[in-house]
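Shown next, in structure tokens, is the structure this report addresses.
In this document, chain identifiers A, B, C and D correspond to the written order of the chains, with residue numbering beginning at 1 in each.
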Amino acid sequence: MTVKTMTAAINEAIDQEMGRDDRVFVAGEDVRVGGPFGTEAGLHAKYGDKRIVNTAISELALTGIGVGAAAVGLRPIIEIMIMDFVSVAMDQIVNQMAKMKYMLGGQARLPIVVTTHAGIDSSSAAQHSGSLEAWFCHVPGLKVVMPSNAYDAKGLLTAAIQDDNPVIYISNKRCMQTSSEVPDESYALPLGVADVKRVGSDVTVVAIGRLVLDALTAAEELAKEGINLEVIDPRTLSPMDTTTIVKSVQKTNRAVVAHEAVRNCGIGAEIAATIADEAFDFLDAPVKRVGAPFTPVPFAPLLEKQYLPGAQDIVAAVRSLYH
Amino acid sequence: MDLTNATMLRMFEQMTRIREFDERAALLMEQARVHGSVHLYCGEEAIAVGVCEALNQDDYITSTHRGHGHLIAKGGDVERMYAELFAKATGYNGGKGGSMHMAALDLGIIGANGIVAAGLPIGLGVAFASQYQENDRVTVCFFGDGATNEGAFHEAMNMASILKAPMVFVCENNGYGEWSKTESQTSVTDIADRAASYSMPGTIVDGMDIAAVHEAAIEAIARARSGGGPSLLECKTYRFYDHVGRDFGVLQRDPQEIARWRARDPIKLWREELIAQGVFDGKTADEITAAIAASMESAIARAEQAPDPTPEALYTDVYSETQV
Amino acid sequence: MTVKTMTAAINEAIDQEMGRDDRVFVAGEDVRVGGPFGTEAGLHAKYGDKRIVNTAISELALTGIGVGAAAVGLRPIIEIMIMDFVSVAMDQIVNQMAKMKYMLGGQARLPIVVTTHAGIDSSSAAQHSGSLEAWFCHVPGLKVVMPSNAYDAKGLLTAAIQDDNPVIYISNKRCMQTSSEVPDESYALPLGVADVKRVGSDVTVVAIGRLVLDALTAAEELAKEGINLEVIDPRTLSPMDTTTIVKSVQKTNRAVVAHEAVRNCGIGAEIAATIADEAFDFLDAPVKRVGAPFTPVPFAPLLEKQYLPGAQDIVAAVRSLYH
Amino acid sequence: MDLTNATMLRMFEQMTRIREFDERAALLMEQARVHGSVHLYCGEEAIAVGVCEALNQDDYITSTHRGHGHLIAKGGDVERMYAELFAKATGYNGGKGGSMHMAALDLGIIGANGIVAAGLPIGLGVAFASQYQENDRVTVCFFGDGATNEGAFHEAMNMASILKAPMVFVCENNGYGEWSKTESQTSVTDIADRAASYSMPGTIVDGMDIAAVHEAAIEAIARARSGGGPSLLECKTYRFYDHVGRDFGVLQRDPQEIARWRARDPIKLWREELIAQGVFDGKTADEITAAIAASMESAIARAEQAPDPTPEALYTDVYSETQV
């Protein structure tokens, strides 16, 4: 057990899986120098050109390498630097990777992990700050994972690499430099299982990525007012562990959902709709959603700060349940 | 090039098989007995057969929306193919894919594709895997002239060259993309010229002449297999029928254009060649054709009687339950 | 007033707007022969090569023609044949068209209509049957329109062409051959305004595209049981006229949301979450969602039929509100 | 080519303006006074200036993530540019875009772009509009060598050729895409060779020699303007600094490589040329440079003092409220 950043934890998961299974390889732009966020640091020195594959700036071809290689037995990790860039790879992800098994009547097995980095960091502006997880949760055939901390990041990535399905693995950028205790040995955390990050009695906050940390901050603040939050991190967004979420709301009778993506048609809509349906008889107040306003991501730090949903928005949403 | 009689005969049979398959697929579509869009390969048979005859069984192909010919040429079973068109549980895809998604991974057929040019990045991945696995398999990507205007074509060609991927890009230039002439969409007369953008050999071959296709394919495949990297083979050909089915009535093509190409029907040409070479006589050729036609009829009959997918099939094959 | 198919109504809207404003042009694959569904029939003969522009099979370039031309004063209609094919044009739609005005601090005005054809028709299988409207509703800067009938189709398309924003205009394929009375003269229906297709008192059904027709069928059937449905067609999915929807639910106290897309993270999630929030105090039962199961679209007609959400699913969802 | 002294002088000034702008932008980034990623144009100035000097005021350009040079060369106001880097309301984009999205539509600058190669399809649309509107404007798309491996490059080039769009594709081949050498990503040695795939003229020019760039640009722009269609101009150049900022420390480039290119600094070369031609002497050149440097300092000072965007700015410019 060592304190590691989420970036280091991701790096360790890739490293250990590559060590365990020589069908695992990484392809992406500039992965040999460690990738844009350092998640592949040191891997090229260890595994060489064969298994750490730099590609051209060609995201369709890059993703196709994953689809084709997986179809014939490899276990690719495909890195799409920044989540906005999925926009040039959508066909291979959505029409090919996600649907191939089904269209082929089960012939294919596509163990691919697409890793990408989502959300805002230091004025990256509208084309480098996207949070598009909801798109992929709308696509049958894909699993979608989004950890909030180093421990989960490692265990979930290990599981994603070991999973026989295509997994979109999203690192929320503002989580990547956060640290926590992470076992040095390999471990897998099951996909599709939510984690209760804080046990509480009054309001269930379902939060994603960085907003999990914000929810925990909000919980501290609200505790002073005597409101006791239960904070749930779904970790896997598709398939979603709605059982854990609904059970929590049956206990707390109140819920807030929070993510960094814009609210409209975000994953929060799915979660809120599910809670409002399945926990209908238990709700004492409407399910409130926290998310970014319906605008592209602004460049100016001041506006960016204003844009970003955070602990105070969760606090406000929780308080609104009591009026 | 020296081809054995057996090879020449098999090439004739395979082309005939494709022709007889698709002529009937067209009728079945018109009769609304099969479902979805059926893109006919008639007229282009020399390409699939000429290329696939040069492949090993464990080599790979990716195909297109116009994929029946590729499947048959790579060893696809026509009954399972018809069954797929009939949307039967016994079809290659269990009735869940249809014409545009037919695949047989165990035959190295990675699949038809409903997205123009999407087979190229996938083929790149397959070829990459052969390199990685250090086997000597070659991947052939078939695609149309129209597909060469998609970004996917460009990206896959470039990366294939960079990686020296063991693959062959086979462009079936049939002069049209849907209802538009190639020259109205494609800014180069010979697709083969696009190979230079990737420092790749590009060869033009008469796509109606199976011997020519076969010879060019042998060379390109040998290069790929021996580590010489990918190449582009442009086969000039013609779609005897409409974009979908026999006559969709959208575009009236010049009848003389059709007649000119019909006169160079690759099966007819090959039949004449084999007769000239004494491989068979006209009567034997007719008998072979008739036998294949009859086998199609019985394949159709069996396929049409096969069981439908069960209602549960709707929900399976979305996810693999396994993990390593 | 003449009875017209939705296809004819769309054709008429394009024709009349092209007649009115010579900045309007159509670009797409095979639009000169009338487009894959006939929506451009006759327009090439009338407007010539200049204004009916065939492109290569190059959806990124095609969409870029729209973005660039609009940025300097034209009013492009960009046809992406089949909705699944947006997957190869997403960058131009999402990162460029949608965000340009904002990123440029308001300098640009982008009057573009992207027309496309969504959903299932006769065994087109998993890559030609997509309903992806939710993706675009998650993107600030885009408007999203999806008519259910010929009359709305014409008026909404006219408005979309006249609107100074990028509009994704989606024709649900199974609506295109349906007919209704359509004025011959030009008219615009405001974007962002829902239409009550049937006034009722017991349950609000918010339905999209073809499901509107199915909801009306369901209403007939349920009327026999004494359940009186109010059927609302949002028509514009983004921005959504939530006022009309919420007001209806305040009256009926029950709601069902229905669309052809898969349920998870569909636009129905957004609508249901909004109703469950804003009409919380009025709801006598949970908001139920009708949508496709979470699988790619199957080829077999039998499975396709089973897959398609329809009137019976709405009936069942409504009945479930009474148990 | 005969250039007037005034033109030669302006070209020197414009290159110097870009250099002085970006050297300071780098410092401001290191001091964390400006925000976001700043991709420096230093070393590549001859391209933007050589090309834009050949454009009319109402011509158009599209740019890249490395766009400061293009903006200045096309007439961009440095104070508004700095203001944008400072995220101020007075910036070109009101502080909402930053370095990667700077644009000035009234100057024909359609914008920098954060997505590699995305400017090409947009430029195609702009050029299409000029044809449609029957004006004689030309559109220049600037892009890097790495961008030529994106599908967007291929699709735009092909369609531009088909439409005979009045445009010029200018590739700034600086030998790198991020931290990878061009030859490791791009399967052709000379990007200009890719023009043949689109039946387009492709020209290689020394991107450190502004006279050469300018001459080639004049020819390509004249061709585009007169209905001769698009062409591709490959300018061989070098990025003096790292991919982002001056030294990100990711890739240690060969110091000799850097020195070799530094010796061919386009501004130094042009200065020597102008001295040789008697356009100015070294002292005058130094004074010009100093004056530009001073103007940058005051632009920075003013820009940094400009007002921040108001909180309401977050919500505006998402949609146009107007309609026709």
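We take it that a residue touches a chain if its C-beta (ideal position, glycine included) is under 8 Å from a C-beta of that chain, and two chains touch if they have at least 3 such contacts.
Bear in mind the structure is a predicted one, so any value in this text is a computation, not a measurement.
Engineer: With respect to inter-chain C-beta contacts, which pair, A-B or A-D, contains the greater number?
Structural biologist: A-B
Engineer: Specify the chain most distant from subunit B by Cα centroid.
Structural biologist: Comparing chain centres, D lies farthest from subunit B.
Engineer: Could you work out how far the Cα centre of subunit A sits from that of subunit B, in whole Å?
Structural biologist: Centres of subunit A and subunit B (C-alpha means) sit 40 Å apart.
Engineer: List the centre-to-centre spacing of subunit B and subunit D in whole Å, with centres computed as mean CA coordinates.
Structural biologist: 45
Engineer: Suppose each chain is reduced to the average of its Cα coordinates; what separation in Å results between subunit B and subunit C?
Structural biologist: 36
Engineer: Two-or-more-chain contact residues of subunit D, please, as numbers and ranges.
Structural biologist: Within subunit D, residues 93, 95-97, 101, 113-115, 149-152, 154-155, 158-159, 162, 184-186, 318 contact more than one other chain.
Engineer: Pull out every residue in subunit A that's touching 2 or more other chains.
Structural biologist: Answer for subunit A, listing residues that touch two or more other chains: 55-56, 58-60, 84, 87-88, 91, 95, 102-103, 125-127, 140-141, 294-296, 298-299.
Engineer: Over in the complex, which subunit D residues touch subunit B? Could you list them?
Structural biologist: Interface residues on the subunit D side: 149-155, 157-159, 161-162, 184-189, 193-194, 196-200.
Engineer: Within the complex, which stretch of subunit D touches subunit A?
Structural biologist: Touching subunit A from subunit D are residues 35-37, 87-88, 93, 95-98, 100-101, 113-117, 146-147, 149-152, 177-180, 184-186, 250-251, 308-309, 311, 313-315, 318.
Engineer: Please give the residue numbers of subunit C that touch subunit D in the complex, ascending.
Structural biologist: Touching subunit D from subunit C are residues 21, 25, 50, 53, 55-56, 58-76, 88, 91-92, 95-96, 100-111, 140-141, 143, 159, 162-165.
Engineer: For subunit B, which residues are in contact with subunit A within the complex?
Structural biologist: Interface residues on the subunit B side: 60, 62, 91-97, 101, 103-106, 110-111, 113-115, 118, 120-130, 132-133, 139, 151-152, 154-156, 158-159, 162, 316-324.
Engineer: Once bound in the complex, which stretches of subunit A touch subunit D?
Structural biologist: Listed in rising order, the residues are 29-30, 32-34, 54-60, 84-85, 87-88, 122-128, 293-296, 298-303, 306-307.
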